[in-house]
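First chain written, first letter: the chains are A, B, C and D, and each begins at residue 1.
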């Protein structure tokens, strides 16, 4: 591991952390366009975060240190995840410290901290949100894992760079299993990032909210970190999707600036498309009842398992 | 010589106590005689360890590996039971359940019973064996009905009639045996019934006669062993008699009766081969085990519960003898020993438990551990031991029996295990409720005698972890002899 | 490196020492201070020695020894090989923490006296060690059943409570049934040699049918001890009944002896592995795991919740050993070694975090007297030591990186991913399904543990009395810290641990996972670096660095002012602690989604009720489908048998007469 | 068939008498008559034993015969008589089974007993060879009687009749058991009856009756 590698790694993380709110802003802009609304500025998420960071933090009486620690843990987890996911290059040193399974574990860690922090406030909404979040989590997480497994069976590895690299090199190979996996992945993405049809990020309707219920008690810098982490999570999911299903354009070696620039450009293009597609999905769907959400995710889980089976069936 | 002293001591004790049993010190005298008997038995054992088997009185009495340990065991349990009964009977007297006259009867009969059992074990003469068995029945009948309650009378009556008839059948078997022996040994008078003589010529005995004789002997002595379906007297007699009597009935008399069966079986096998007797024993064994296990499930009376458990264990032993072979016989002999020790220990504990709570109904016995920790632990550990929990010795013998059964009689293994499982659930579930929980009960006028319980359990524990070499040798020799 | 024989002797000395410590407790049964200050720490010392012995023996060649006790023809055979050494290490390391905790925890109470408890506790430890050391069937059975007995007495410490007696009875009964099955299994295993030493069994000649029978019996016997569904019913009853250190010992260590036994029989004693054993084990294990975690999610008693979670974890262990067996049968040594390593690793992890959590519940129980989740809450503010150490356990058991629970799950998933290479058409299809079940189980475990931790330690106190709760004592803290530290270390240093496990896989499978060129202390590379790797330390460093950076940014660069205020009441000013989501509430989605698993009774209030009440009880279907019918069957049989004894002497005579006649007819 | 010596014929005669008396006892309802029949059976036994002793030149059988005479013909019936006088028993009205049916079963038993004795008897070299069948039959008939009777006293008489059968077997097939054994047996029988006597009073005291249905309480319900 040399200094250059560390630097590129650092660069990748910084890009992810910096670009994540932008991506979220893009999705919001697209959504507004599709819904015939006036779009908020593209940089609105940055403004929100900045505003929150400057505010005075308000903490509920007798919350434990866990409550204050959680936002950092969540943000840290998401940033680490960004370091693992090969968004720009395949040969990042940190990517080898953890594979796809660890990545899923990382998301789970973030979720558990969020839920615990929500429970720490001891309000009815906090615990309600925690419970719902965990409920979605225990269905989404295995589905995501199955998606990874489908891909890793093709590549013979659970390392994301290896998976992406393998897919890159077999340009024309048709993997029907990946189609199943892709749909499942998309469903997981929607659920995990609190998007319609599972959750609605833009409402505060008590009876249906999930993610917002959990973070109800947070304010100022804590809330800023959480919002940022949420944006980063969406970004990460998008990059994971690219690594699994659209790995083309990710650089094998980021050593030279031109390659780096190319990789950045490809990523930006992919994100633009993905954001628009996400907005489209959110626009054409209606939010489902919270009680139907498990079915939605169970379906995703089934699809992912099916993808795995198809993979094994077609293999012979 | 020791043999004669061994027999004379309890007989003398019986006579003395029959006259002076009402004396204040009669329980102590009872203990004294039992202790002396035990001491002589130990002496005899030591001599046998040193010099090997012996006979005396023109071969009328003998000691061989098969009976030597039973003699010692009998004398030992006899002694500990006497120790236990000293306190127990005092308490009964305090509670007004027994008068002085009854105690005289009790003490006299107790020693007489010991005499008959030792006689049955030591005699070489099958006729005398029969006489001793009958005398054992007669001496215990009055002990069973000691309380003169309706239930105890009924129990004694059933005991008397059923065992009387059984013993009569055994006599018929003995006559047939004699008939067959006469044809080989000539009209030898007394000698024709000597087991050692018969053993020497057993392969020349007439098979048909011996087969019929064995049926009679098996049904006859088997009634006393408590083999199903001849067992019906057993739970009644155990439940209604005084507890020391239940302890010796279960711990000793059943053993002695089984001893008689096995002595006869050895002869019969010599004549007709091991097939038929073995199968019969196994059949009775399995039937007893199964029947007793299911009977245990519905018991309400604590002494009946453990009486059925005795039937179960006699079934196991009988089954093991039926399988035959060195290991199974070894295990059966070991099981006889440990069952005797454990079951009598349990009855000691049960006796005091019923005295404390004033009832034999298990529903009334609660929280012994709180009432008297030693008593509670005694009953708990005894029960666990009898259920075959290691590290107690019962497990050792059951281990050997079950593993041999897997080899010799695979069909029987599931049945045995089913029975053991059911018995475990039945007995342990009830014992737990009696030992643990909130307690009810009263203080006893005399502190209970729990030393015998723990001495017995310690021995059983020892046998589970280590069997002394001389004992193992006896078991091995006897096992080889039994075939 | 010590001589193997010395190690075995050292282990025996520890066993003897434990027995002596126990006996010493009996001398002064009510001297609580003596027992707590002296005897339990002495026991812990023994545990440490045993840990060292296990660690040393992991890489030593097997040592054997014969003691002249036991049956005359079967003296006590002992053997210390890597497999036994691993479990001794587990026993020692977990019990160190538990004993230290126990030193502060046990005190004079209504139940068993401290001295007796000390005896039972140390006998329990000693018998567990003997189970691991035994090298013949008799010694194994004696140790096994004595272990069950000792733990039974520990479970029924508070025997005045009827439910606890019931739990103890059920426990011992199932343990006994299991022991009978194990005995039968040994009976089959000896394979005609009629030698009951394990050595003879290793050399025994078995055909496939007999071997399968032996396997099935072992599964039944050890499954009953491990709480494999449907033999699990005793576990959620017995664990809550026992004092918490005992629950910890039972759940953390005793259940592992079942795993040990199963591995010993399947991989060591049976002459060859068959793939369908592995498949059966995998299926049963996974079902158990899912079943356990689903039931854990709906529990409202904290110890019952942990007990069901133990069913889950043992299910995972069994699934792992099934996988190892499957690979082994298909002659795939490396995957087999990987699965075995995952299994053993999970055993070790579970020993640590489950013990930790049980001990934490013990402290909570002491401080509050409550086991019901509905009456707890907010304890992190009153019991910080317990709460923070329990947090480590919670995160570990939830399988979150970089703690230890994640490592074993990761290894197991890696192993599962190798199943498509199994050259057997059906297996390579079904096993990915297994992977999905495992993933679901792991995710549900996180759900359960969030519920557990959140309801007990976080939020508002649901009862005013909880405000008086006190933190645990110094020794208890030490015990908790020990186990928490173990969770962290096992999570951060998987590569050295895997290296230690190599001795076991070398012994049982003849395969080694350790490649000197690929692995380092920091990096776990089970098969090849291309395939998968995991370096928790780097990982942790990454997280900490990013976390620290964000914290720095948030607090230094911007304002650090903090104001305290009441939580937002959503416009409803009468919020109180009872309005928090409850344990039942947390169970609701699970009850909803997995409805077919449960037998539910709901009491819904009618609109007219003056005091409306809602009650829901969840029962195990296996009770009504399996156990109750069985009990009814036996009762019916007993009634039938009882009918033959109806008091009339004439009838009894008739029995004798008929017996006589029938026998006479037979001999004629 | 070779003609049998006169003594053998006598033995057969008495054997038949014993069997006949067994049947008579099976059919009898009155207790007094039952005791008479029992005494008669004892007498027949004495006769047959004496003849066996004489023909077989077995002096100790004379003692046996004398003992039997004393015990079973004189002492036991007397004790029984006194018992029923003291207890004021007359009838044994209830039998468990219809009497003709009992007789029929008895008949089957006799056939079975003879069949059972056949292979054994063929071995017997002396005059008593076919008496074994009768002895077994007597034992079985006595057994049957015990099963079918409802009163304690009749059950005891059945029991004693069974002993008669045994004694008959012992003397007629084997020239008697060794003397020690015989004495032991006699002692046991005597003690047994004494104990029974005690019992009767205790039972009577307790239940006011000797009906066996009072003694049916201990059972598995």
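By definition in this document, a residue touches a chain if its C-beta (ideal position, glycine included) is under 8 Å from a C-beta of that chain, and two chains touch if they have at least 3 such contacts.
Remember, it's a predicted structure, so these values are computed and weren't measured experimentally.
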Contact-richer chain pair [A-C vs C-D]: A-C
Centre distance in Å when chain A and chain C are each reduced to the mean of their C-alpha atoms: 35
Centroid spacing, where centroids are CA-atom means, of chain C and chain D in whole angstrom: 70
Distance between chain centroids, defined by C-alpha means - chain B, chain C (Å): 44
Separation of mean Cα positions, chain B and chain A [Å, integer]: 78
Multi-partner residues of chain D (each touching 2 or more other chains): 116, 119, 143, 146, 155, 215-218, 220
Per-residue overlap in chain B, given as positions that touch at least 2 other chains: 157-158, 161, 165, 169, 212, 235, 295, 298
Junction residues of chain C - those touching two or more other chains: 642, 645, 649, 653, 656, 660, 664
Pairs of chains, among all present, that meet the touch criterion: A-C, B-C, B-D, C-D
Interface residues, chain D side, partner chain B - complex: 116, 119-120, 123-124, 136, 139, 143, 146, 152, 155, 159, 162-163, 165-166, 169-170, 173-175, 177-181, 184-185, 187-188, 191-192, 195-196, 198-199, 202-203, 206-207, 214-218, 220
Chain B residues touching chain D - in the complex, by the definition given at the top: 125, 127-128, 130-131, 134-135, 138, 141-142, 145, 148-151, 153-158, 160-161, 164-165, 168-169, 171-172, 174-176, 178-179, 182-183, 187, 189-190, 192-193, 206, 208-209, 212, 235-236, 239-240, 295, 298
Chain C partner contacts - residues on chain A that touch it in the complex: 13, 53-62, 64, 66, 72-73, 75-77, 79-80, 83, 94, 96-99, 101-102, 105-106, 108-109, 111-112, 115-116, 119-128, 130-132, 134-135, 137-139, 141-142, 145-146, 149, 152-153, 156-159, 162, 206, 216-217, 220-222, 224-225, 291, 294, 298, 301, 304-305, 308-309, 312-313, 315
Chain C residues touching chain D - in the complex, by the definition given at the top: 642-643, 645-650, 653-654, 656-657, 660-661, 664, 668
Residues on chain B engaged by chain C in the complex (per definition of touch): 157-158, 161-162, 165-166, 169, 211-212, 214-216, 218-219, 223, 229-230, 232-233, 235, 276, 280, 291, 294-295, 297-298, 367, 369-370, 384, 387, 389-391, 395-396, 399-400, 402-403, 406-407, 413, 417, 420-422, 424-425, 428-429, 432-433, 436-438, 464-467, 469, 472, 476
